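One chain, subunit A, appears in both complexes that follow, with subunit B as partner in the first and subunit C in the second.
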Partner chain A sequence: MTAADDILQDRGTLLTMRQANKWLDGRKIINMADLTIKKGRIIGVVGDNGYGKTVLLKMMAGLMEQDSGEIVRYTKEISFVLSGRSFYPWMRVMDALKYYRDFYDDFDINRAQQLIGESALEPDRKIRLLSTGQQERLCLILALARNSRLYLMDEPLNGIDPPFKKDFKKFLLANLPEDASVVMATHLLKELEYLFDEVLFVTGYGIRQMETEEIREKYHQSVEDYYMEVVRCEKV
Partner chain B sequence: MKKFKSCLYWEGRTKYERLRFLFLALICANLLLWIMPESWCRYADDTFFPAVMLLSLFYSLSALVMMFYPTLSLVSGYGEFYRDMERLTGVPVWQRHAAKLAVNLAVTGVLFVLVKIGENVMTKFAGETHSYFRMQLDLPAPEMILAVSVLFPVLYIWAYLVLYQRNGNRHGVLAWVIAALLFNMFHFAGIDMIWRIVIRTLICVPFFISAGRMEKRLDI
Partner chain C sequence: MGFNTEQPIYLQIGMDIKEQIVSRKLAPGEKLRSVREYSVLYEVSPLTVQRAMQYLESEGIIYSQKGVGNFIKADVMDGLEGSMLDEQIHGFIVHLRKCGLSDEDIIGRILKEMKNSGEEVLRDDSGR
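Moving on to the complex of A and B:
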């Protein structure tokens, strides 16, 4: 890290990407990404299918390396919300908790067990036999039971039942540590845009980072309308 | 060290969950055949020949699992969804590989003992003109166990990743051929077993390190 990075870290920056590029199967998925994630922000990642939202999140988590450019993580406490298929086929709910306890020092297993109980998930049930919504809920609980500074979520509401979708915002905000940030890829802009402080628009031409308030006040549009009418139709 | 111990535990757990029915079946078969009087075994050989053949086939397949599973288990996770869960723990690649190899060694050792017991108890069915499942080893047992569970898998994963690195495709069979050629290149006749093990292990170290570096670099 450079002296400039030290300053950024002091100012509450959790992660920066500088002109990061990523190719997959001969196609440039991430194109010259420049973005900054600060503490205490909830950031939506919006883009059409196949434009690199998942790849972007995996690069932030360190699951994928950029082919060029730079990603600087100012914190190691990054929690990536897995999908329901991301466990060993034989694992039960309790096994997942124990796995997290064994590998993550910041994982609070008691809190996780409490959330599991509140969500009516059976600890002895095999994860692959849970419904999609239950699996997603388990993954959220595992991630939020870690006392991290940055949470990365890739479409966390996929397959979630409508009652939990409704309670998701409350659940997230109630269990998020103070000053933690969330980066969340989602298609559900209408439901979630008022949760977001910022939005990352991921298009085929690049990534644009904008404040949601700026979109509403300057352009007098909802974030969803702005995305559909403006971002999708132009080069970033 | 704590995370390495955790890797050992979860890798052991994974292999146990995958192989426990095989272990159970081997233990039950061995126990049953051990307590069966030899006269009953001869009678079964005369009257229930297909059943005895199936039993022999079962032991043969178990021996094949013992030979092939440790190697294939090193690469079977590539492309699986649970790879993200493993990689997100932040445990260095070489530690994950070392844990897998250590568990391989233990599992292969146990399987070898069970299959060897099976070989012994199957002699009860042997007649003057025929016999059933027998293991014929080219190497002494300890050397064979180490080769099958650690040394060959290291060469295999190295070859697998080299091929993957070249064109992004998985060439399991070709990797196996390359690993077999490499393994057989290091043939030391006339040397004590312990020195053969030491030399072969030392030769595999750079392949182990190289495989770890490749896996880290590739999005696999």
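Moving on to the complex of A and C:
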């Protein structure tokens, strides 16, 4: 076992960022990010649009590199959940599954087919003709069939009609591998806050990691209210 | 289930399960659903459900059999109704204090309402 495996086993730490900074287009979009992602946690990334939620996720995935500071991953089993727009126009549902099977060693195509069946998705259907909710469901299935330790999601509920948001939550919770963690960027705190164990508040001034239950116990506020009234008004 | 923001979620889930026991929806000795099933049902993270289970275990309501699941204790009813009443009263007092009432105000208003409701006896939904 490597040292990284030890940390994963002993402390259940999947990923850490220490004083990570990132500039884009001359603007400091990630400022001194300090955070720890532990196993078995569902974590929300909350912040106004354009303030770096997507960049943060990409940095966690290794798709973008920090300009300074340190990012350490204690596992390679990290899945970035795609959005519906990620597929070639000719692709059918089954093509996406085969693509994933060919690309990822850890992809369980049988599991994916089982989940496709449960979701009433037709394997022959062109992905671009699916509803947004169905596309997001497909993307979630592709990621979940990889049995990863960490799932990164960028606003997966965007464009989904309200009645199907519930479905998304329930499907995720029903099929998330045990001890897997989820880091999900969202601006829909109202609907998702009870799902999150922790939140990462991303502001122009930096990143704050907090436990949702701590916010409720200490401040007697919903996480949404705390964000709107406290975090957004701070210059910390 | 709608959650309030004044108490931790795991506690509200724990109380909901206690409520189900008191209202006879769950029986002593019965096996609870899995952590995953509760997480889907309540739409909360598995960790929150685990915390609720730990809470129930610490309250002597359930016990855990490794590899099998969580079970309601056979002797659960002893003292459960009493402690739930205490919790309800506690929650009520905290809520009124949050509304800005002093302890004196709270007692005063309770006495006032007692006078107004006179001999009225409140029955719960199950008609017990």
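Rule of thumb we're sticking to: the second predicted complex is superposed on the first by the 227 of 236 C-alpha atoms of A that agree within 3 Å, B and C clash if a C-alpha of one lies under 4 Å from a C-alpha of the other, contacts with A are read in each partner's own complex, and residues count from 1 in each chain.
Keep in mind that, in the parts below, a contact is a pair of C-beta atoms (placed from the backbone, for glycine too) under 8 Å apart; a residue touches a chain by one contact, two chains touch by 3 or more.
Everything quoted here is computed from the prediction, not taken from an experiment.
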Subunit A as common anchor, with subunit B and subunit C clashing or fitting: fit
Vertex subunit A; arms to subunit B and subunit C (CA centroids, nearest 10 degrees): 160
Partner chain in contact with A:G40 - subunit B first, subunit C second, else both or neither: second
Partner chain in contact with A:R85 - subunit B first, subunit C second, else both or neither: first
Partner chain in contact with A:D197 - subunit B first, subunit C second, else both or neither: second
Contacts of A:F103 with subunit B and subunit C, given as first, second, both or neither: first
Subunit B versus subunit C as contact partner of A:E213, first or second or both or neither: second
Which superposed partner A:A61 touches (first subunit B, second subunit C, both, neither): first
Which of subunit B and subunit C A:D225 touches, first, second, both or neither: second
Subunit B versus subunit C as contact partner of A:K170, first or second or both or neither: second
Nearest Cα pair across subunit B and subunit C, whole Å: 26
Contacting residues of subunit B [partner subunit A, same complex]: 3, 6, 9-10, 14, 17-18, 81-82, 84-85, 87-91, 168, 217, 219
Residues on subunit A engaged by subunit B in the complex (per definition of touch): 24-25, 58, 61-65, 76, 80, 82-83, 85-88, 90, 99, 102-104
Of all residues in subunit C, those that touch subunit A in their complex: 3, 5-10, 36, 39-40, 42-48, 51, 98
Complex contacts: residues of subunit A adjacent to subunit C: 40-42, 166, 169-170, 173-174, 176, 178, 194-197, 212-213, 216-217, 220-222, 225
